[in-house]
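These are the structures, in structure tokens.
Here chain A shows up in two complexes: once beside chain B, once beside chain C.
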Partner chain A sequence: MSGLVIASVVALGGLGVIFAIGLALANAKLAVHRDPLTQEILELLPGANCGACGLAGCAAYAEALAAGKVPANLCAPGGAELSSQLADILGVEVEDQEGAFAIVHCNRSEAKQSVDYHGIKDCKAALLVRDRIYDCEYACLGLGTCARECPFDAIVMSPEGLPIIIEEKCTACGVCARVCPKDIISVEKSTSFVHIQCCSRDKGGVARKNCRRACIACGRCAKICPVDAIEIKEFLAIIDYEKCISCGKCVGECPTGAIGNYRQMRRRKASVA
Partner chain B sequence: MQEYTVDMGSFFAILISMVFVSNFVLARFLGLCPFIGVTKRTDSAFGMGMAVTFVMTLASAVTWLIHRYVLLAHSVTGANIFVRFIGPETSLEPVLRTISYILVIATLVQLVEMFLKKSVPALYQSLGIFLPLITTNCAVLGVALLNTTATEEVLTFPAAVFQGFCAGLGFLVVMILMSGIRERLEVLDLPEAVKGIPIALVATALMALAFTGFGGLITVP
Partner chain C sequence: MRLTFSGGVHPREAKDATKALPIEAFEAPQVLVVPLLQHIGAPARAAVKAGDKVAKGETIGEPGGFISAAVHAPVSGTVSAVEPRLGPGGRKIMAVVIENDGEDRWADGTNVKRDTSSLDADTIRNIASDAGLVGMGGAAFPTHVKLSPPDNKPIELLLVNGAECEPFLTADHRLMLEEPERIAFGAQLAARAVSAARIIFALEDNKPDAAETLEKAASKIPSATVVTLPTRYPQGAEKQLIEAVTGRQVPSGGLPMDVGVLVQNVGTCAALQDACAFNVPLIERITTVTGPSAGRPANLRVRIGTLYEALFERVGFAGAPRRIVMGGPMMGMAQGSVEVPVTKGTSGIVLLDSVPGDVWRACIRCGKCVRACPVSIVPSQISVFLERGYVDEANEIDMLDCIECGCCTYVCPARRPIVNWIKAGKAELAERRAREREGAK
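So, the complex of A and B:
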């Protein structure tokens, strides 16, 4: 009987020792040297894993930062505050980071629906069935994929089914711009106030028939622009934000009201706040 | 001691039996924790399936060796290394079987964890707590016990390792099927009460029903 007890103890103990040695060897070979700096940076980052920095997530950005491969001002959600903190830790200088917001380039108010869609409430799913819900092929489908994907809950859907960006919450991470299957959303600097609220590349007549607020490519905005920042490409006015001074002259000139001026909206909000 | 004759036919029978007929998740209902926990996305489900397959295969090999050379009585196998202490008739099997198998599995899971942390950190992140939980995944212990104690006869070493591998393969197949289904379920407009795990369990039940259809496919010797 005592033989059984001893054998059991020796057998199990022996196995334990063998496995322990095996694991110790494996650990020596496979050890991950984690930089404490990486950990420190990771704790500072917002942890939304939005990918605005262009890396695979906060952990990847922290690693790249610690290795000094990337600048410290890439984190859009963290903003200027975070980049200065990061700069302190890393002992580097950062350039000022300008704020930015997501901008919706569609304003299909009073546009007619060409189909009555009752399928899965998701823009990508709807696109599997048909290429449009409204008459305009380029119009926002209004099923709110961007609002659901937004990691900061900065998008709400209006009663007409258009995404509204809540700029106080928007961190310009660009997730909405990436998930939108119609490519209606883009991220623009907060110093730009004037935006084309249409992305129809239909000819003027067709665009106008489909939507009262469409860009009909008349070119009046391009003519009045004092700095030649607007160009008509594929029947759509495009603003060159490098040149645009946000004077807002084109806004009044547009016959269909397809150009939006965000200056007043932002000023109003600033005064309320 | 009797052993199976090793031929291609019996290996094929093991493959079909482990992947479809008596699939660990859908027929034996083992390993449901990672099955529900990690099937939200296909890539992490695939990673989990691969990790479990790896652990099952290696665990099958190591536990078979332990069973033969440490646990079974010398009079049965003629190979017990403790025969001098316990005599030819005593078997350590009833005392040490479960605990030594768990020891093997825990060690292997540690190994997999180290390996993934080093080489696929993204997968390591997405598996999270479910990776160390493979240790307590009853499917892994299940395959080790099945290899060594389910029948009067004992499987040969290659057959046991192959059976472990196929059990992992069956787990992997079901994980991938389930993750595909759950990615679809994600976009459906479901009542709040059944969203997530409840509807996943309903889907599991239906899959298990479907898998009973494989029942008469082969007769396991």
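So, the complex of A and C:
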């Protein structure tokens, strides 16, 4: 009996020793060399793999940073804090990074739904069989692809089916802007407070018929703008953010309420908080 | 031997409403909207502009490439606009809008008899291309492309597809009953174009009368036979039909020519005979307008470009239709408007009185879809991946082999919109690949 015990202990123990030696050799021979700098950077990055830096995920950005190929201020989710940390590690200077938010350029909450859609709740899937769900062909489809794809859970869908950006969470990574098949989301600097909340390139009358809050290209905003920052292109007011001083004069002038003043909204939120 | 394929389902056929009704000519309406993209491939280029006078059969769209098809004026009249109009895919596509002058004046050189005995393969291909022929079973793939197999893929057998496995549709059935000679004649021309030694006419056993008429027409062709297959959806899908009739499986990602077969729909064969024997391009087709919400269902011979609303005036409604489907209920596309034109691929318009539910549950892995799948993939697992956005993972388990027949969705006890996910997944994958290609540049 005890012979059997000793034999199995010796056999298994011996096997264990042999495997341990094998593993130790393999570890020495096949070791993957990781750059400690890359590793350190990677640990600092948010790990959302959102692609805002223009590279394929955080690991790629960390490698490129370690190799000195890219500037240290490309990570939108990390913001200014991260870029200064990165700059310290890498021993480089970075330009200040401005905050930014995703902005939804549609406010069609009163627009009529023109067709029934019964498929899966995905904007891109809906567009395979429809060019619109609401009367306006430029309108948000409201199926929430942006909210689902947001890596930071910064988008919720309103009861009317419009995306609401939670600016406290938004890191301006731009994933929503990229996935939106109607191109109604863009990322704008947090210092820009005035935004056109419409994307309709329909002629004024058509746009108005489809949606009460549409830009009807009347041009009053362009006229009142003190710095000539608004131009009407393809029946839609476009703000040149380089020129815009966010004075908000156009907001009151717009007959359909198609221009939003985010300064008020942000201030209101701040006072509530 | 039982001639069938693996998988498949047997939905309620619902063909009784129209299968005994003779084909009726539907008078061309006042205004026709003829899309320049009615086929798979590149859109045709407009060959006319607003204000031009056109004659019936005149080319109004030139093919935009090899895989493309010409488009012809279905009536004589005046072009009132060339502009984007709503197509059956739910998107706006370029279309030629024609005001019908009611004269039905043929263009020079069209609608004249031609001796077909001397036509060689190349000429037949060119005629098919000039006449804008596309597969009329619904997919609308340009016919001249299918008639041009490469030299290393010889075609041994021409399969003429009269299966018409979609519920409700009877357009092919009526064509086989009423004009079998047109089909047989066109089939001979198609066989000549690809040097196929044999012709087999294949149809389902729910159309015994059509089998009889086809048998009679085929008896005059020495190399032709008629086979009757058990009624089972999707019998009319190209690869399933080949498997059922010959026992050969088209390899994943392959084409029928890989197993030496060419499949043509009966309607395409009939159109090929019109093009070759009379120089008549593809400007009309037979469409079944039916469904529980159709007042007086009918098999109509309709000019391409006729808007659905004109057909509905003729057919009428029995209660308000909840859904208008182009094609059959299994694979067809629900339409968002009645201002959609009949195209070369419109095999039917089905007015349904119900809409699919918006509620589905989690996959319970019962495996019904796996048994029903005619291409032997695992729809349940693919749907689980795609529901979570895992497109690459779905692709690894053969998402792209899906023929979108809808059997999985039909049998799913959890009512999961599986094909819907797969279609969206395929589109997403194509988009990602395009993005990668762009990134690589």
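Note that the second predicted complex is superposed on the first by the 239 of 273 C-alpha atoms of A that agree within 3 Å, B and C clash if a C-alpha of one lies under 4 Å from a C-alpha of the other, contacts with A are read in each partner's own complex, and residues count from 1 in each chain.
Rule of thumb we're sticking to: contacts are C-beta pairs under 8 Å (C-beta built on N, C-alpha and C of every residue); 3 or more make two chains touch, one makes a residue touch a chain.
Everything numeric in this text was worked out from a predicted model, so none of it was measured.
A.B. asks: Where does A:D122 make contact in the superposed view: on chain B (first), on chain C (second), on both, or on neither?
C.D. replies: Both chain B and chain C are touched by A:D122.
A.B. asks: Please work out whether A:G22 is in contact with chain B alone, chain C alone, both, or neither, and reply first, second, both or neither.
C.D. replies: first
A.B. asks: Is A:V10 touching anything from chain B or chain C once the two structures are fitted on A? First, second, both or neither.
C.D. replies: Touch partner of A:V10: chain B, not chain C.
A.B. asks: Of the partners chain B and chain C, which touch A:A59 in the superposed model: first, second, both, neither?
C.D. replies: Only chain B is touched by A:A59; chain C is not.
A.B. asks: Quick one: classify A:D131 as touching chain B (first), chain C (second), both or neither.
C.D. replies: Second partner only, chain C.
A.B. asks: Of chain B and chain C, which one touches more of chain A's residues?
C.D. replies: Comparing chain B with chain C, the partner touching more chain A residues is B.
A.B. asks: If you stack the two complexes on chain A, which partner ends up touching A:V32: first (chain B), second (chain C), both, or neither?
C.D. replies: A:V32: touches chain B, not chain C.
A.B. asks: Of the partners chain B and chain C, which touch A:S114 in the superposed model: first, second, both, neither?
C.D. replies: In the superposition, A:S114 contacts chain C only.
A.B. asks: Which partner does A:L44 contact after superposing on A: first (chain B), second (chain C), both, neither?
C.D. replies: neither
A.B. asks: Which residues form the common part of the chain A surface touched by chain B and by chain C?
C.D. replies: Of chain A, residues 120, 122, 125 contact chain B in one complex and chain C in the other.
A.B. asks: What residues of chain B sit close enough to touch chain A in their complex?
C.D. replies: Within the complex, chain B touches chain A at residues 66, 70, 82, 85-87, 90, 92, 95-96, 99-100, 103-104, 107, 110-111, 114-115, 117-118, 121-122, 125, 187-189.
A.B. asks: Looking at the complex, which residues from chain A come into contact with chain C?
C.D. replies: That would be residues 114-116, 118-120, 122, 124-125, 128-131, 148-149 of chain A.
A.B. asks: Would you pull the chain A residues touching chain B in the complex into a rising list?
C.D. replies: Residue list for chain A touching chain B: 3-4, 6-8, 10-12, 15-16, 19, 22-23, 26-27, 30-32, 56, 59, 120-122, 125.
A.B. asks: Once bound in the complex, which stretches of chain C touch chain A?
C.D. replies: Residues 86, 89-92, 323, 333-334, 336-337, 355-358, 389, 417, 420-421, 423-424, 427-428.
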